[in-house]
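Accompanying notes for the structure given below.
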Amino acid sequence: MSTDAANKTGKPVTLDAFDTERIKADFPILQEQINGHRLVYLDNAATTQKPRVVINALIEHYRKNNANVHRGLHTLAERSTEGFERTRAHIARFINVPDTGEVILTKGATEAINLVTYGWGEHNIKPGDEIVLTEMEHHANFVPWVTLAQKKGAVIRRIPITVCGHLDLSDIDKIITPKTKLLALCHASNVLGTINQVAELAKRAHEFGAVVVGDGAQAAPHMTVDIQQLGVDFYAFSAHKMLGPTGVGVLWGRRELLENMTPFNYGGEMIREVGYERITFNDLPWKFEAGTPNIADVVAFDEALTYLEDIGMDRIRAHEMALTKYALERLSEISGIEIQGPQDVESRGAAISFTDPTIHPHDISTFLDSRGIAIRAGHHCAQPLMRTLGKVATARASLYIYNTESDIDALYDALLEMRKYFGV
Amino acid sequence: MSSNLDDMYREIILDHFRSPRGKKEVDRADISSDGQNPSCGDELSLQVEMDHDVLKDVHVSCRGCAISVASASMLAETIKGKSFEEVKALAETVKKMLKGEPTELPDDLGDIEALQGVRQFPVRIKCALLAWVTLVEGMKSYENGHAGHTTVSTEDGNGKTEK
Amino acid sequence: MSTDAANKTGKPVTLDAFDTERIKADFPILQEQINGHRLVYLDNAATTQKPRVVINALIEHYRKNNANVHRGLHTLAERSTEGFERTRAHIARFINVPDTGEVILTKGATEAINLVTYGWGEHNIKPGDEIVLTEMEHHANFVPWVTLAQKKGAVIRRIPITVCGHLDLSDIDKIITPKTKLLALCHASNVLGTINQVAELAKRAHEFGAVVVGDGAQAAPHMTVDIQQLGVDFYAFSAHKMLGPTGVGVLWGRRELLENMTPFNYGGEMIREVGYERITFNDLPWKFEAGTPNIADVVAFDEALTYLEDIGMDRIRAHEMALTKYALERLSEISGIEIQGPQDVESRGAAISFTDPTIHPHDISTFLDSRGIAIRAGHHCAQPLMRTLGKVATARASLYIYNTESDIDALYDALLEMRKYFGV
Amino acid sequence: MSSNLDDMYREIILDHFRSPRGKKEVDRADISSDGQNPSCGDELSLQVEMDHDVLKDVHVSCRGCAISVASASMLAETIKGKSFEEVKALAETVKKMLKGEPTELPDDLGDIEALQGVRQFPVRIKCALLAWVTLVEGMKSYENGHAGHTTVSTEDGNGKTEK
């Protein structure tokens, strides 16, 4: 982090300590009261809060630079285009990709994965082919593939999970085989927290010529993601889960694959020439970006990436590991609370799912909310995993850069209070 | 400011939640209906023994949140001994009450009235409705002379519609 | 317009006069200087500027209410969901649709049309079927259909245009026939300005059981759109062209059609139950809204609609007609300038395309920009129309609520200056 | 503050725009190449008469913006009488200059240098390049012994890549 840059933008400048209080101050919403209590926001796996710099970038864009991109020859259009493409280049650097043409801007991780299903899967998955998923996929990386398999007569194979919530690789040789055409897996689970060995599995799948899709929605916000080290062919994530605005997602894909894919949405900007008989498509990445994009939010996402980089992804990971460790310990102190996913913080992220033996996760969430604590409760868009876990729902506290031990303590205290309230 | 909270989880509701009524199995399940809220994971199973057009005995078992459990328990307590038509009318009233539609609340609504606080929590309305929707489906099927189970699944998570 | 509401939000309160200066003051960017001149923004068909209330709604959302929607049981999630669904209900009222479940939120008009191509077209267009388009379609309502036709072996039929830029309906009986499966047409053209007789053509197409898609991208921002009067089956438009943020679009569709369509994107929120063998989908509209939507921008779009309604769509139309008339007159004063599209303002909107006999539209645009005037130049994503017009590109000035006669005068003066500058 | 504007439309450029060089048809079109920028609608047609490895005569006609017209005119003026290798090297230099990549500008660049101001207008770079890209494609085809036309279409509207 350059101290200079940090000073300019009013971002935290301490290099040594992870100054969470300082970070908290950068997030206007964290100064709010909810139901008479300070907001303790522990629903970060659903979406994160936005620092002032990101909100300001939005305001700035609409107050000073707003225009449609790409085709304009006036000053505002140039500024908008420049801001838009600047973010694309920044994303490429953020995930260590040299070719910005491989970075496609979508409306979210979900759309990014669907783009692969339509653009690649539709033409490459044949009857009898096998698609390998894991048992811990989010619906976004599950429903598109199962639907495709049904349509194409392909077979879904699943990598099971161990009782500890890791992928169970003991039978992997029988799951990833010459029949495997595609491996789609999350880099980190939004329910269990588990961080998967994507690089190792990608290598294995590549031995059989399969294509590998990494769902990075829960990884990109929390750790250094180096596409070249991961060795996947596609990688998807969402800006709104990493301090950015809603409505922006990223699909990174290998150029050779993207170039041979059919477009997804058709319309303006993605074409080169249009006639009644013949339509030719634009170069990457615009081939996949039909219509007016979400310009302002893409422009503002640049600031989110800068904010994360200024802190440093490795430091973010270290902070979350320490905090997750603390949270796991405190929750274990409450008798009966059952925690899902790995216990060792090295192999997991900061999404912590848990259940109470008698109080339904929805009641937990509603009660905690009355104490200003925001968590999520439900199936977390992972119904297949829920079935494996034998749960209909879990409560989930998920942490981020602005969370502190005192947030965990507030959760702990409120859970005890809740027990009393429900009289169980 | 957790007044809302106490509005929803009134003491009566918590009491039903802690010790649900309708646990005892029925002798003969003339009506048998299962219901679920997939998005919540609430699961409910309900049997009714009929005596001519009277709901003679009810068994209900619900795995779910305090609201769905309490609502099921209240249902069991209230409908026993009522006629088919009375229960149908009651179900309509409860639905309207929960959705905030104008309706006269009958005097014999009993504990059910306590569910009104749920209205402030839109996503929970379907939890309070689950038992009633499941019952109504079962009754419809019985009326149409269908034997066996019915299965009801409420809508998914938006608290806006149900079917 | 309720004067009360207007006062509260600082919006224009005069009911009688169309107080453009007052309106201008509501748009921060219009106070900016561009290249040393006041900004004269005449690129509204590409995207409009945003009033303060819309920008403030964004800030407010991120500062006070931000969370993911639908599945949350905490206060912020409830607020976000409420705001999100409030906009949906507002859109329904805005286009006079009683059933909010028929209003699907997309990322733009382009995606809205693609949703119909994938969800309806894919399963209903058969070899030999005819798809009727007009010669004035934007690529967004052209490329998806031509691509679909190519894929399915269907035939594209086109309604030609007259020299005045209206649809030429003289042979319409031979174009819309029992073979017609689909009629897709713009409600207003982004190049010619022409407002098409959608209701009449929809009726004709319905006689043969065809489905009708209206592209309202250039109509919804400028006039009262009453879906029930139009009688179409689908209608698409974009928020960013009507004071709203980028990244939000609307597809309205008839419930019977939408219910029988396959989903488009697959993922979270659009499902009811997910298993390896069976997946069931959510009710309308959520069935078509996979993944985290563009929450903040949808929330803020509500304010844009209110702003438009407070002025009144009929008054907006009247203002634009008067201003278009003035602009057409002034431009005609410049010898050699060729104006496209209808000359009578009753049958046209406020997008005015023109060309100079020797100066290329790009040079026009660049020159005008140096005088602070933003117009667009190029093919306007309507290459087929350009070919019909025998042009490779046009310059386009497109007007909106904040434009004034003095903006037109600035354009006029600058065009004369330009002639001198290029020495032609 | 229209200093930028004058940077792009320098007097030399406007002069080439007003009276483009290379209008005269060539006697024999050894190289014949068409180019276009679909997004701008610039269209260019170019013929070269070769004398051994020297570009003896050039005809170019361009319908497009001032930049593409002027650039084509300058090309016609500059390459006449140069060798194949010289022109190739020159094309490389012009490309680099326009894209802002580091390159030595030769002394005999002439009017072409005036195109540097275009760099500040990224969407226009492809207009300035059109003639050069079209020429280079034609030369490649000639080198490979292909007869007839070549047709080049630059990228669509983003000024970032061309092919």
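As written, the chain order gives the labels A, B, C and D, with residue 1 at the start of each chain.
Quick note on the criterion: contacts are C-beta pairs under 8 Å (C-beta built on N, C-alpha and C of every residue); 3 or more make two chains touch, one makes a residue touch a chain.
The structure displayed is predicted, hence computed values, not measured ones.
A comparison of the B-C and A-B interfaces places the larger number of contacting C-beta pairs at A-B. Centre-to-centre, using mean CA coordinates, chain B is 46 Å away from chain C. Mean C-alpha position of chain A lies 31 Å from that of chain C.
Chain centres here are Cα averages; for chain A and chain B they lie 38 Å apart. Separation between the centroids of chain B and chain D, computed from CA atoms only, is 79 Å.
Counting only residues that touch two or more partner chains, chain A has 35, 71-73, 269, 271, 273, 362, 366, 378, 383. Residue numbers of chain B whose C-beta contacts span two or more other chains: 38-39, 121, 123-124, 157. Pairs of chains that satisfy the touch definition comprise A-B, A-C, A-D, B-C, C-D.
Those residues of chain D lying in contact with chain A across their complex are 38-39, 121-124, 153, 155-158, 160-161, 163.
Interface residues of chain A facing chain C in the complex, by the touch rule stated above, are 28-29, 32, 34-35, 39, 41, 43, 46-47, 49-50, 54-55, 58-59, 62-68, 71-77, 107-111, 113-114, 117-118, 138-140, 142-144, 146-147, 156, 158, 238, 240, 245-249, 264-271, 273-276, 279, 290-297, 362, 365-366, 368-369, 373-378, 381, 383-384, 387. By the touch criterion given at the top, residues 1-2, 4-5, 8-9, 14, 17-18, 38-43, 63-67, 121, 123-124, 127, 157 of chain D touch chain C in their complex.
Listed in rising order, the residues of chain C touching chain D in the complex are 35-36, 359-363, 366-367, 370-371, 378-379, 383, 386, 391-393, 421-424. Chain C contributes residues 70-71, 73, 78, 81, 85, 101, 269, 271-273, 282-283, 286 to its touches with chain B in the complex.
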